[in-house]
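Next up: some structures, all given as structure tokens.
Two complexes, one shared chain (chain A), two partners (chain B, chain C).
Coming up: the complex of A and B.
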């Protein structure tokens, strides 16, 4: 008898506690509003974090040693880009000219710009190579042949490098803090939208062009582009 | 492209190694390591931990004096073609598409940045040419300045192997392009081990081109998966059907027999 009493008492107590637990939760309009508001605030905060703050944190801006005007030089040379960016006899590409080729013309001050003064004082007088930050630098495992693209593929410089040859100002160099490569590899547009062929230089940009032109699509594994064309 | 799939009409680079000429000096191993930025450790005694793209083995005929005879066998990657084009043991097992077969050159490639180190290829390779990097490469101070800029260094946790000095092929191609050619000549593309061999035991070239020395020496029979017609020539583990592109030559019968996985009974039958 006593056991049944105890049981009924217990069940009453349980019911009482359940009731007290439920009382404060009253699903009303105000709490739904809070949830929606919290969601919107969080959504906007993460958008701002991802699209504005993170890219600012990811890229550090590094100044070039001094400004260089491609436009001025392009007017003075005879053979266009190849006057300074030429092929060597062994098929390799000279890339950014060494100080030696600059001095061929710049033994004396040629103009009166501040940038040239820095160049003459800091580099020509001290016989130091100019430590340019290279916008197009790719990882070590990437092999790129200028000869194959320019000589055999008959591509022009603009297709990959854009209109840098007509520019007066060097673009700001932004370095990815994690990968240490220039922002030009990912593309200046942080959302990755590509409008011109020179906007991005990631692996897919190379691979797409190779696929469109049927270059080296000889892989046994994928029947598509072989990796050993550009990687080693 | 359709024309690309006709391997028999394109280049197929291969090697002929004359074991009669090989003195076992190991110059090919040294040249290979220097050329390809192959890492090394202080203790290189454990062959399972050490990385060597080219390795010189010593074989003996196991007979007592005075019939004792030895032979050295340099072993780079065999660049197997398999029974049909590009069906190499390692290429068919790679889950990451890190290793591939190039139809234009016949070279089995290894993309280090693509490999994630599962080592299926090492298990599949019957020649033990594939090696796993157990450690990150550490060069003695100052030596990193001597590294070859044409080859990327490999990190810990991935597989690497001989590439027939593929970067030299790329550079030779570049020179040809600048001179307005598409094809490269025999002497323009040679591997580091070939050039380092003081005894000229290693010959390298295009097996599909009858004017190249490798073709003349090995005389590959295209109807029988490139089996050498030269009676002195043989390939390692011919019976597996891997169709490798490294041909060995020896005037000694025991050496030629040692190149395959014959059972004792089969060997006794062949010897008599």
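Coming up: the complex of A and C.
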């Protein structure tokens, strides 16, 4: 009766004999070729995963409630963006207009587009706020004052928001499945390369602009510097 | 093809190298870090436009002006209203946490009808129409049975339009049985009525006093309008005024006063008379006032000189004669001395004799209606409604007199004696056909709560108009929920003790959050559906119309500024201030003479069975009134007062040692009224033989944050009827403490 050690030794010997019989090539050469091949396969696969598959998996596309044309509205109002995205009396920024602001003009249906019909039926008639997906929404721990940038810093809207004000179609809203913020914060280019000032809205983009313009590195509101300029 | 180990490793290395050249690791790290800082379950307040609304808080009787910060339609922060008389920009903890009551889980969200056994907590939501119909049917039945006087209404206050609408409803219906929650206001009113001859409110120009002698009043423990008193206390300190606290226990007020005199519990009246003795004997009283504007001084003088010498008083109070003499001298020699009384927050009316004795001190130094003194403020008179139209049933019911004996031969001058009702219900002396409760919570706040609860159980029909599921509402048969004070209009007359006639306006800060109605509208609607003279008496279309009509030309100023002040008001000079028979301040008169002499109020129980004395105390961190603590406030309670669900009893280390009770040990406290398990907290600030527990804990209703935490001290202390007034004069009870 043989032990299990004996058995495994035997089977190894058999295996070695068979291999030599079938592939009479130098063992050293074959192994280097395989190693290089597998390295390249792994390398290419991960590049494809990282650059192509990952971005597709990371973002989900969410439809806006209906399409909104900034271009049409911009033609009709007198004060540009501030007509709807206005500053309140206390200096705070109103952001996305509430339904109440819309209804000031849209008490009756304006035009006969399908989007207008959805707006009137689903929101005006039911007195429901429109659940817009906001491209520029930042985490709650970020304090951003529009007044400090637009009123005091004299920046225009385009610097951060791009040419959305002239667009006829809303861009596709892509939501990051992990952070839940819009793709526009990191930038639509997954590599993070930006061509325009409005392509990204990450912390470094704020910091770079502050540095380049020699902005007083203290918050006007809290009088605190460092991280506390924006994080409170 | 077989993959060798080496090839596999090579694949992984290639993958790693490739991955490092993609954005994947960096982007994933970034996203995960953002995700971890913004857990989706962390509530993030929605953004919106900031705005502010001025109103008046009526969570407690303090009546403070508030400014509420809102984001869009959501109230986010309550702050004190700048410039409001009394609290001027500051607030107490209850009000600061008040939004938790508005949005919290203890709200009654719709009219409800009891479906289970009473107190079982099984309710059925019903419509307002059905609710009002059912109550109307009950009230019609009572009236048809010619027993309108058995309808009782219990409210937190009797001032302002809402309480007066209920009072008017009751009168037209035929019941004189309107009640308000007892407090020191009852005793002060009575003392002023007997000594001044006027129905007036005791108010204190405390900010301008330079010597405040407080007989147990918790100036910074919630006495009077609490926020105003905090500010006044600071002002006194800045002005180098003296505050002397006479109190058995080292309360916060005692600790922060200039002089603390620890007195045997319940003997304050004797000390007041002892001080009067010294002041009179040394002729340190105000000669002008005593000679020209008082009556009965000689008799009073005779009494205190004969019976209340410092050495006699020492035997009763435990305070040495030198302290008594020097205290009397400092009090009388101050320019604006002021003596105040009413223990703690003033929730128990107390002994009439004690209030008369303390008020006599104010008279001796002549600081009545004077700068820095006590003012007898006329009751608000802005409500001018036509006479109540009466029918035969109403007239007949009103003639039967109050069921609590107030105004009867025994207690001719008392107005409301709620404390007498539980016993009278049990003995069958008083029969209640239906009870309406609003802004009051007797099941938690009255003494001997178990007895109150069983008495309530005998009432066939209880209607609660509470906004919250409180202890009394749990006992109701039907709930008609009122808006909270953050959702309604209501006039709030001058805060307690403020020497300035003002009216505050409570305004809706937010839209009603639930299916509730204004109590004023509810009573008007009930009157309309009852019809006849009751409907005629409350003929307003709705409460807001009634309020605006009643306030008349004051309305504009009230809605704009939040309050109205009678600028032309001057407190009556001595010559015209008193409306007694003699037209003077009366130390004694026929009515006062009829009262029993200044005997100490005896407590229930024998000293052998119950060797200790239990005192209740008040804390700004515990809301002891009809509304329980909001969750935030529970978190402010020290863990020597409440730890987990265990309530603590304070005990002198010496007494604790003799009972073998270590710090934190569990013990059973027993009193003639009940017993409970507590833990002990050693406290040097309480005299040996005396133990103390806070008021306001041990709730059984509201929400899980406040219910079943600690012990309700009111369940351990029985009422002691003051033979002079019929009011509850208990200041504590006998108790025993044994190891658990």
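Annotations for the structure displayed:
Keep this in mind: the second predicted complex is superposed on the first by the 195 of 232 C-alpha atoms of A that agree within 3 Å, B and C clash if a C-alpha of one lies under 4 Å from a C-alpha of the other, contacts with A are read in each partner's own complex, and residues count from 1 in each chain.
We adopt the following convention: contacts are C-beta pairs under 8 Å (C-beta built on N, C-alpha and C of every residue); 3 or more make two chains touch, one makes a residue touch a chain.
If you're wondering where the values come from, they're calculated on a predicted model, not measured in any experiment.
Of the two partner chains, neither chain B nor chain C is touched by A:64. In the superposed model, A:167 lies in contact with neither chain B nor chain C. Legend: residue contacts after superposition of the two complexes on their common chain; A:181 is shown touching chain C, with no touch to chain B.
By the document's definition of touching, both partners, chain B and chain C, reach A:90.
Touch criterion met: A:152 reaches chain B, while chain C stays clear of it.
In the superposition on chain A, contact is made by A:140 with both chain B and chain C. When the two structures are aligned on the shared chain, A:217 is found in touch with chain B, with no touch to chain C. Comparing chain C and chain B on the residues of chain A they touch gives the larger count to C. Of the two partner chains placed around the shared chain by superposition, chain B is the only one that A:232 touches, whereas chain C remains out of contact. Residues 90, 92, 139-141 of chain A are contacted both by chain B in one complex and by chain C in the other.
Partner chain C is touched in their complex by these residues of chain A: 31, 34-47, 49-51, 54-55, 58, 88, 90, 92, 94-95, 139-141, 176, 178-181, 186, 190-192. The touching residues of chain C, counted against chain A in their complex, run 3-4, 6-8, 10-19, 21-24, 26-28, 30-32, 34-35, 37-38, 40, 44, 47, 49-50.
Within the complex formed with chain A, the chain B residues making contact are 1, 4-5, 85-87, 91, 94, 97-98, 100-104, 107, 109, 111-114, 150-153, 163, 166-167, 170-171, 173-180, 182.
For chain A in complex with chain B, the residues that touch the partner chain are 87, 89-92, 139-141, 143, 145, 147-148, 151-152, 214, 216-222, 226-228, 231-232.
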